[in-house]
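Next up: some structures, all given as structure tokens.
You will see chain A twice below: alongside chain B first, and alongside chain C after that.
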Partner chain A sequence: MKRLLTIAAAVGVAMSVGTTADAADRTVKIAGFGAMSGVVRSFGINTDAVMRAAAKAINDAGGVKLADGSMAPMEVSFDDDRCNAEEGISVVRRIASSDAVVGVGPTCSNVAEPLFGILQAKAGDEGDSGLQFPIFTDTAIKGGLAKISEWAFRNVPNESQMYQTLFEWLASEHPDAKSVYGGVEEDFAHSRFTWYKVMKTRSADAGYEVKGEAKWLLNDTNFTTQVRAMKRAGADVIAISAHPFTTCGVLKEMARQRVEYKVLVGLTSSSSLETLNGCAKQAEGIIIPTSFAPVNPDAVAAADAAAALGGSADLHSAAAWEIMMILKDVIETAGIQATADSVAADRRAIRDGLATLKTTKGLLGEITRTDEGEAVKPYVYVHAADGTWAVLHDPNT
Partner chain B sequence: MADYWWDVIDPIQSVLDGMMFGSIYALIGIGFTLIFGVMHKINLAYAAASIGGAYASLVAFQILSAPALVVFLCAAAASGVIGYIVYICCFRFIPEHLPLATLMASVGMLILIDEVVVHATAGMPEPYPAMFDDVMIDISPFWIRGDLLMIFALSVVAMLILLYVLYRTRLGIATRAVAQQPSAAQLCGIGQQQTNAVTFVITGALGGLAGAMVGASVGILSPLLALPLTVKGLVVTVIGGLGSIPGAIVAGILVGGFENVFQYFRGVTERDIYVMLLLFVFLTFRPQGLFGRISTRD
Partner chain C sequence: MDFYYGMAQLIGVHTLLGLSAYVVLLTGQVSMAQAGFFAIGAYLGGMLTVLAGLHIVPAMLLAAVASALVATVVGFPALRVKGLMLVVATLAFGEAVRIFWFNFDYQIAKGNIQVGPLGGEGFKQIRYFPENGWSTADVAIFIWAWVIAAMVALWWMDRSRVGSVLRAVGEDELAAQSVGINLTAVKVSAMGIGGFIAGLGGAIYAHYTTHIEHLNFGVVLATFAIAYPILGGLSSVIGVLLAVIFIQGFLVEVLRFMGDWRNLLFGALIVLAMNVRPDGLFDARATRALKRLLGGRDA
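Up next is the complex of A and B:
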């Protein structure tokens, strides 16, 4: 009898150890991807660092609760898509064949657009053999991309709304400024879209006379002709829709040619360390709407955590922090298994969970989610002041 | 001033700006053409090495706070070293009868240098020192950028020094001898490999200066610069005439001027189309370029 009890106890202990081991072995795998090489490498570095920082914060607090009530850690990987559409699609196909339950990326809109095209357009459509893998985008900002697939979600700011309110605010703050002249990086999708579809139209809506635009290319080095045209236009507001390298080149040329203006407006992506690193003096005073600034304890904590892992939290990478927190909530609500056999079901549960969200918590406040998988994020206007980005105005207050 | 005057003044001003900037293309073109002249091979890693040298000189700027002129010289020195490495890796040990192998090796080196720069800087634009960047020389109604004028002058000085070295020194004689009659040069005791290596170092230094001038003219450095400079350098080399240094100088300034004219009249999106058309016109009607000869080597 004693021997029987010993065996029973041993079996019981073995079973309980086995159960514990199963739970401990389970991890919620989140696959990040974006540009880790090429000239936009800094975007990938920042997103990777922010995702790892967020995962560490979640894991330090116990991890993610699974369907059976056990807690599992989040595990983050990050792949390089080189800001290249073919590479991005290849990376996501590879990730989708692993046991990752959701992808976070990409960096570039020219990757996001074709990538969303290979996803199943309507969830559950058996006639559509597209990839059934949820993707939550933090950086690719070109407007309206998430509607391509019901498996695509974005947590990027709504530039149209941001610039609309910015130009309205500028009109009230600077009533003497009546005209706008643009500067646009013609060969970059985001820059083009933001000038022609957002800044130009929104400034006109706010009552400004649009006097034209100067155009240059992403790798141009000589801006004398464009800036001369800008100077001749004599506009009160100069709005530059370009990334840091050419923004700095143009700002330096504007300083040389002594272009006079009342207000300088920049592209959302330029409210980053790169711009200050490249031309803090010439960028002084430039106003940019952004969905991230370290203006409250949560945002400061996120920025510090990212910095500790070698990244910088900006409007793009900070979105990855929010995404990780949203995913934690969705996973806990949807109740995923995180086992090798449940990958497809887990992905579907996460997709469905994301699709039902109406609001989420963001670092600057509540984020509203649209039926098309897009986000309407709170934002502030920052300006370059003494070599740093300082909050100029909070339109929510 | 009446508006129609601006319609006259602006294109002329654009040409002036372009020609000034074209001196940088000339420096790059000289590098391509000198290597081609000596080895009859194209080194496609040349412009990337130039930008790599300029990036290396940032150490002097950011850590040692060296003045701009010292930074430029550091760029030339660093690029000379990179030039030697390119020679060793892509040309020295590849048999001469495999020109495609050296070409592809130099393409690989271009990408490698570019990626090393990107990884070292995370692709972030880095501020680069300039001289006289706040000086504007007003020759009403025209004006000339002080920094571009300095770049133009520095480029001319560098070209004159190079021409002096080539035509007034033993090293220059050796270089020209290897370029014209490599076998005869060897029989005369001139080390072909040594001359080739020195050519790579000299052109590398010249390229480093060009890289520094690009950085100085924009005020920042970016890895984005390597590829367009490679293309412009090749265009200048072909238009000037493969192997012709005066040709590279004239073509560099011409391409810079034409580029701005095309941009002024046809816009930035069509600019490079016309530059390439210019290249095709030369390739079709004057394949030897402005100053090149059909055949210069046995």
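Up next is the complex of A and C:
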């Protein structure tokens, strides 16, 4: 009997030590994922740096408050999905099998669509065996994706609204410009969607005559034919719906063929450092609506923190900063426990918390959240001037 | 555990793709069209469950039959070319299929959303598995039932007279023809069987990813399809499985942390593997050893 009591006491002590250690070791694990390799790797690299910078800022301020009132640090990991749907699914399944409470990503819309498809469509629907794991997207921007699943949320700008107001503003600022010619990266889901469903229709709505579009592919390196067609069209406004890599190729070819235009408009994803690194001279004057610019102390601080960790804050990666801050607030409000046993409940609490948000704080101002898990973010128009992005107009003022 | 089931699903789908190329390779034909047959299976399989509301099994079988028919049709003109010319011809066919789906729109209203293929934007909401309450384990078991069925069928075929005929054509067409083997029937049949298996794999793939688009079925996939049997070896279907595990399980998944270096190492490791095991990871010696282990007669 004595021996039994001794063993029981030893087990009790061991368990209490374990419990104490668990409480001290609790961390809130946020799993980032996106393209860290391949053509669009800069997006993932920047998001990774910004997420780590945001976590550092949160942890330096004491961490995240858990349900029992204790504070826990945020821990960020980041996985490479190579902008590939199969790999994105594998990465998220692996993350969902860990004790991460939420995922942040992906970079590419062609990964986001299948990824959201494997999530449970309606939260709590027992007939739907989809993955029950909240995903908060910072970069994949193709319109209307979050409605695929109630576990999917996005903090990406509303391009439809941005380009509608941009073309209306251009019509008033440049009354002599009457026609638009597009250039579209045809095989990239986001670029294609934005030209056909956003830029083309919004410019027509603003009274422009759409003279057509030149098409190329993400991996193209020769744009002679497309730019020749562009030059022949003789439009006043050239609107390029393509990412920095081919945008620069086209701009250089436009310079070589001396294409004349009155206004040059770019894709929101191209308002990044990559464009300036690749073709600052040819991009001079290009106007792009963006949901991030270092125009206030908070935005400057976020950009500096990201730069300190080797990243660049642009409209996509800055969204990851906002996501981390939103998650901190949601976690503290929802009161998660961050224990090995509470992972499923914590994920559900975070999902429910995100779903109830109507507004959140953003780096450029208040962000409105829709019932479909999308964001309506404040934005400005920037233009490339002397090798940097400068704010050209703030439609909110 | 969910992750491992997910990996099992992925490896299963790619094994079917590899097996489709394996059976064609046995006849000495290097086909880069398997990604095209895979795409046909994926789109048709998805359309049959999402638009026509069919159960997954008949949808898969119909998609596979359609892929097999297309493959058979492709098989006839492919008879006229050999070697590199066949590679180029089948690659061109695969690209033609991809471009077809890139331009193919057919959507219907389902509730408040439009579903069906939409050209470059792809085909989303192929959610048969989750909508019908299939767990990740259920899906993995379902996929592996098909994979095992395909492997057993090909294994049996390999040990039968049919397999000998296929290999005879692959080894030496002239010699095979001189003993009365009908080259046209053999090559076209192999292409048709390969198309059927690729169609099955494609139909499962569409339901595994829930969203497909033309870019999923490009040259990279076609290269993977042919790389699996070449890397694994043509001695046995086991080789294809080993190659898929090596590429998808090890090179893609385990080395994920290496970022861009993974792509570099990817090629280097394949070259290394082919130098160390020139007849494939699972060569004739390994096949004989396995047969001895299983108590069967030595080949």
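Following the convention adopted for this analysis, the second predicted complex is superposed on the first by the 375 of 397 C-alpha atoms of A that agree within 3 Å, B and C clash if a C-alpha of one lies under 4 Å from a C-alpha of the other, contacts with A are read in each partner's own complex, and residues count from 1 in each chain.
Operating definition for what follows: a residue touches a chain if its C-beta (ideal position, glycine included) is under 8 Å from a C-beta of that chain, and two chains touch if they have at least 3 such contacts.
The structure presented is a predicted model; accordingly, all values stated were derived computationally and were not measured.
Once chain A of one complex is fitted onto chain A of the other, the partner contacts of A:110 are limited to chain C, with no touch recorded for chain B.
Once chain A of one complex is fitted onto chain A of the other, the partner contacts of A:39 are limited to chain B, with no touch recorded for chain C. In the overlay built on the shared chain, the residue A:296 is in contact with neither chain B nor chain C.
Once the two complexes are overlaid on the shared chain, A:277 sits against chain B while remaining clear of chain C.
Contact with neither chain B nor chain C is seen for A:370 once the two complexes are overlaid on the shared chain. Of the two partner chains placed by superposition, chain B and chain C are both touched by A:186. In the three-chain superposition model, chain A touches both chain B and chain C at residues 37-38, 41, 186-187. Within the complex formed with chain A, the chain C residues making contact are 1-7, 10, 102, 120-122, 124-127, 129-136, 138, 208-216, 252-253, 256-257, 259-260, 262-263. Per the touch definition, chain A reaches chain C in the complex via residues 36-38, 41, 79-80, 85-87, 89-91, 93-94, 96-97, 110, 113-114, 117-118, 120-121, 127-131, 148, 186-187, 189, 192-193. Those residues of chain A lying in contact with chain B across their complex are 37-42, 45, 186-187, 215-222, 224-226, 228-229, 232, 244-245, 248-249, 252, 255-258, 273-274, 277-279.
Within the complex formed with chain A, the chain B residues making contact are 6, 10, 13-14, 17-18, 21, 115, 118-119, 122-127, 133-134, 136, 145, 147, 214, 217-220, 222-225, 227-228, 259-260, 263-264, 267-269.
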